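Shared between the two complexes below is subunit A, which pairs with subunit B and subunit C, respectively.
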Partner chain A sequence: MMRISLHNLSKYFGDVKAVDELTLQIQEGEFVALLGPSGCGKTTTLLTIAGFYRPTKGEVRFSDRVVNDLPPRERNIGMVFQSYALYPHMRVFDNITFPLKIKKVPKKHWGTKATEVAKLLEIADLMDRVPGQLSGGQQQRVALARSLVKEPDLLLLDEPLSNLDAKLRITMRAELKRLQKDLGITTIFVTHDQVEAMTMADRIALLEGGRLQQVGSPEELYDLPATLFVAGFIGTPPMNFVEVSLEEVEGRLFVTTEHFRFPLSNGIAQKVHRMATSREVVLGVRPEDITIGQGKIEGEVYVVEPLGRDTLVTLRIGALGFKVLAPPRFRVAIGERVQLAFSMERIQLFDKATERSLLL
Partner chain B sequence: MRRTITSKVVPLASFMGPSLSLILLFYFVPVVLTLLIAFTDMGRTLQWHFIGLYNFARLFGVGIRDPFILKIITNTLIYVAGALPVTILGGLLLSILSMRMHRGAGLFFRTVFFIPRVIPPVVWGFLWAWSFEGTRYGLFNAIRGAWGLPVVYWLIRYPMLIVILANAFLGISLAMLVFSSAIASIPRDFTRAAEVDGASEWQIARYVIVPALKWPILTMTAWHLMSFINSYVYIMLITGGGPYYATEVWGLYGYHVAFSQYRYGYGSSVMTVLVVVNMLLLVALVKAFGMRRMLGRGKIEV
Partner chain C sequence: MWARARQWWNKVASYLVLGAVAAPFLTMYVSFFLRAFGKRMYLGVVPKEFGFANFQFLWRPIAWGLEQTTVWTALGNTVFFAVTSALAVTIICMLAGYALSRIEFRGKNFFLVLQLFLHAVPGQILLIAIFFLLFYIKLLHKIPGVALARASLEIPLGIWMAKGFFDGIPWDVERSAMIDGCTRFQVWYRVFLPLVKPGIAAVFIWGFLFAWHDFIYVYTLLPGTIKLMSTLIQSLLATEVIDYGYLAALSLIYMIPPLLLFVFLQRALLRVPVFGGKGV
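What follows is the complex of A and B.
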């Protein structure tokens, strides 16, 4: 097991800053997700940690040892590639035992070790097939078995679930999380799917354009997003954003637009006082933090989408659109005028220019 | 129905016609002529009599026998058995080395080894002949001379080795090109997976790259097998088949019989045997691997 720390890690390809000044601490046994949209540098970060790329700047440390110049084969890393990269000419058994063969583990131990991981991943009955005869989910588990059999100090997973169908992905999500907790191997997991990151990871590092936007527990990223980007990226349906102005009237801070106006709670007002450099801010409200049927703000129902577990209502307040999560079987007609209220302690405010949260 | 046939035949004929008639003129006509002449005693005067299977009887040692044939067959076998593995293994080694090297170095390396493909055969032949020249003017003897060493009669002491290397070198340059492009199409993740699992360069080559090159290796082996069975040009240029039949292979023997001894009839029968061997080999290869798979696009195992 191993502690990993990235210190001002940068990897440039010519002019492209694939990873830029990334600093991140990963504890022993921790399960960290590298999350971000396509092209944000997730794979590059992973390949740099694995040693395939040499950092342009900065350091990768494994338990305090700088490993920038250590070749991948000496890092004792288990890695699952997005394509799985199972050797097509080898049976499942040979794929799984390949790392043992390379490590010159005596042949008589291969059987027990392979069976052990195969049992764990429920692929014991596939040992004699070749990868071409396996489903995506089975291939993924074989790839995982191959990375685990050598008892790595660090597990790197590059979008391991993205080739699976939606249902299997949900099952494997839970399986993978449980497996990681049982084995306790420090794990870095790359995904562009925020639900995957939220459900599985102890902590999420959210990247955009090669830069770290925020790192924290799923709850921290959800409840207190550091930037507008984080707020918009995490959560489905996404957070509602409105450009608003701050107004101070008789010592109280108000949020105003041409359609509505409300006072900030004391706690939030204090933080905003400290942080705000301009009156122009962006208000963010999550769809589940809006209640229909009470409050002073008035809107019109644009469309109603029943989701089963709850109902997604789109409202119009003047020209502004809002998505609201209402209770299941919530009845309201299109065009109907309704009252709504925001949960005042849960709203987010961001500086319009810097896009940074005013509540941190 | 009629119309569709014509509408297909006309463009087909106009596209393929010219090349088909060229193939007919320069391939089938000579083969048929060779076949016919093989049954005659045509000599320097070009007068001929039909002599039935006499030439072939001589070739196969029925009644009358050609004293050189056994030597020629042995030479041909040794030559092919030597040049083929050198070509395939050399091509593999060089392509793997050049593809796993630094990109610029790899490119340079591949270009250098491709040079023999683009220079004229005569130049290539004389380059080897000159390098292994038995006097002190030959390249290697000049080098030895600079160190005060006596000359070696390379072409007399190691004639077979030298013609094998000269031809294999050419084979290597083609094999390397084919293998390199196949290696380039192996997904990076395969070699990376092996690398994180601790594999050395040698282990990556052995367990990941070479198995993925199964088809290119088979195709190149078949290709060079056929090409080496028919070789004679470079051997003629370097040793002329000598010293005293030491490097005289089947194709070269046919050439010598026909064009040095002017026994066109007998020479044609020697060549006819080669044509038949080629056809049998081709049929065997196609049977074994399937035409489609052999000639299909350069596929690798993924």
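What follows is the complex of A and C.
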């Protein structure tokens, strides 16, 4: 079991700053997701932690020991790659026991250890096949078995679910989360899928362009996104954004646009007072925080998309588009004019220039 | 009906053209076999009798000038020479190919271009330098020494071939092996070599063939008393009375080992591993 800390970790490839000044603490037994869009530096971070890349700047520490110069084989890490990277010329059994063979574990222990992990991952009956004869899901479990058989201190997973079909992905999401909790191995999980990160991780570190945007529990990232980017990245359908200005009338703060105007609640107004440096701000409202049928703001129904569990309604307020999650079987006609209200305690406000939240 | 006839004619025409192109080569091979097994040639081409009379050298010594050897000694020498040379080519190319495929170091691209350049240099112009080199390291006039010198000619392109095979293995497989505890050498030996078996076979066959057919290095750097098949055939050509049937039979024996090698390594040549998953 191990604590990991990244301290100002940077990895540059020539001019490309793949990872830039990343500082992150990971506790013993914690399940952390590295989340971000393609090319944001997730894999690079993982490979640097594993020891394949030497940090350009900064440090990787395993339980207080700086390991910048420790080769991968001495780090006792288990890793599952996006492509699974099984050894195509070896049977499943030989794939799983390969780390034991290299570590010179006596041969008589291989059988029991392999059977143990194989049982855990339900691949015991695949032992004699070669990887070419396995489905994607089976390959993934073999790769996981291979990484677990050496009882690693740290497990690194690089988009392990992205090659699976949608249904299997949902099953494996739960399985993997349960497995991690049962084994208690500190785990870093890379994904570009925010749902995967939200559902599985204890904490999420959201990266963009090599920089850490925010780290926190899934709820923290969802309820109080630190930047415009985080707000837009987390949640489906995504948060609605409108450029608005702040106005102070008789000691009350108002949000105004051409089309609507409303006062901020006291709690939010206090924070904004403290943080705001300009009147130009961006308002963010999640689709589920808008109610149709009450309130003073008026809009027109643009399109209605039934999703089964709820209904996605797109509204127009002047030139602005809003996505709203309405109850299932909610019926309105296209073109109909409706009233709507925002849940005042759940709105987000960001500085337009710095794109940072005004509510932190 | 017309379409059928046309189709038929197209087929026939293509066979005729291919036949015409192949004819000279076919004639050569046919006459080669006829000569090897024929006796008392009619018009110098058509044998009147068939038999193994030309193959008497298989159990009798072969003489030229005042000296003699046996075909088995010459074959043994040639196998020793070609296998040594092929092993040297294979081992060096597999090591160098891996390094050039996976390890970053200064001057790597220069080195790669240099290899191509070296490959373009004809082997003959190096003969004098190699003669002195072998002399000083006391390997001149010895089969292993000359085999190594011969190997150096095939190594440049062989390195490129080997690099190509290793380039085809995904990085993640290498990283997996390192995570699993392998040193660089173990990655090469335990994971990469088994994966490029067809490549190893190809490089080995290639090194073997060039050495097997070599004449100029063997002729120049080995003493006249050590005969390989190529130099043996040459000395028989240099005698006053040339027995073509005898030469054809000897050449036939010369051809057999490379063919056998192909048959034995065919399985390895055709077994290409399949990498699973995407993102490779």
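As a working rule, the second predicted complex is superposed on the first by the 360 of 360 C-alpha atoms of A that agree within 3 Å, B and C clash if a C-alpha of one lies under 4 Å from a C-alpha of the other, contacts with A are read in each partner's own complex, and residues count from 1 in each chain.
Here is the rule we use: contacts are C-beta pairs under 8 Å (C-beta built on N, C-alpha and C of every residue); 3 or more make two chains touch, one makes a residue touch a chain.
On a predicted model such as this, the values are computed, not experimentally measured, just so you know.
Once the complexes are laid over each other on subunit A, subunit B and subunit C cannot both fit and instead clash. In the superposition on chain A, A:Arg73 contacts both subunit B and subunit C. Judged by the touch definition given at the top, the superposed model places A:Gly41 against neither subunit B nor subunit C.
When the two complexes are overlaid, the chain among subunit B and subunit C that reaches more residues of subunit A is C. Within the superposed three-chain model, A:His89 lies in touch with subunit B and with subunit C [touch as defined at top].
With both structures placed on the common chain, the touch criterion links A:Pro218 to neither subunit B nor subunit C. By the document's definition of touching, both partners, subunit B and subunit C, reach A:Phe52.
With both structures placed on the common chain, the touch criterion links A:Gly136 to subunit C but leaves subunit B unconnected.
By the document's definition of touching, of the two partners only subunit C reaches A:Asn163; subunit B does not. Subunit A residues 47, 50, 52, 71-73, 77-79, 81-83, 85, 87-89, 98-99, 102-103, 146, 150 lie at the interface with subunit B in one structure and with subunit C in the other.
Against subunit A, the residues of subunit C that register as touching in their complex are 170, 172-173, 175-183, 186, 190-191, 194-195, 273-280. Per the touch definition, subunit B reaches subunit A in the complex via residues 187, 189-190, 192-200, 203, 207-208, 211-212, 214, 301-302. Interface of subunit A with subunit B (complex): residues 47, 50, 52, 71-75, 77-79, 81-83, 85, 87-89, 98-99, 102-103, 146, 150. By the touch criterion stated above, subunit A contacts subunit C in their complex at residues 47, 50, 52, 71-73, 77-79, 81-89, 98-99, 102-103, 131-132, 134, 136, 139, 146-147, 150, 163.
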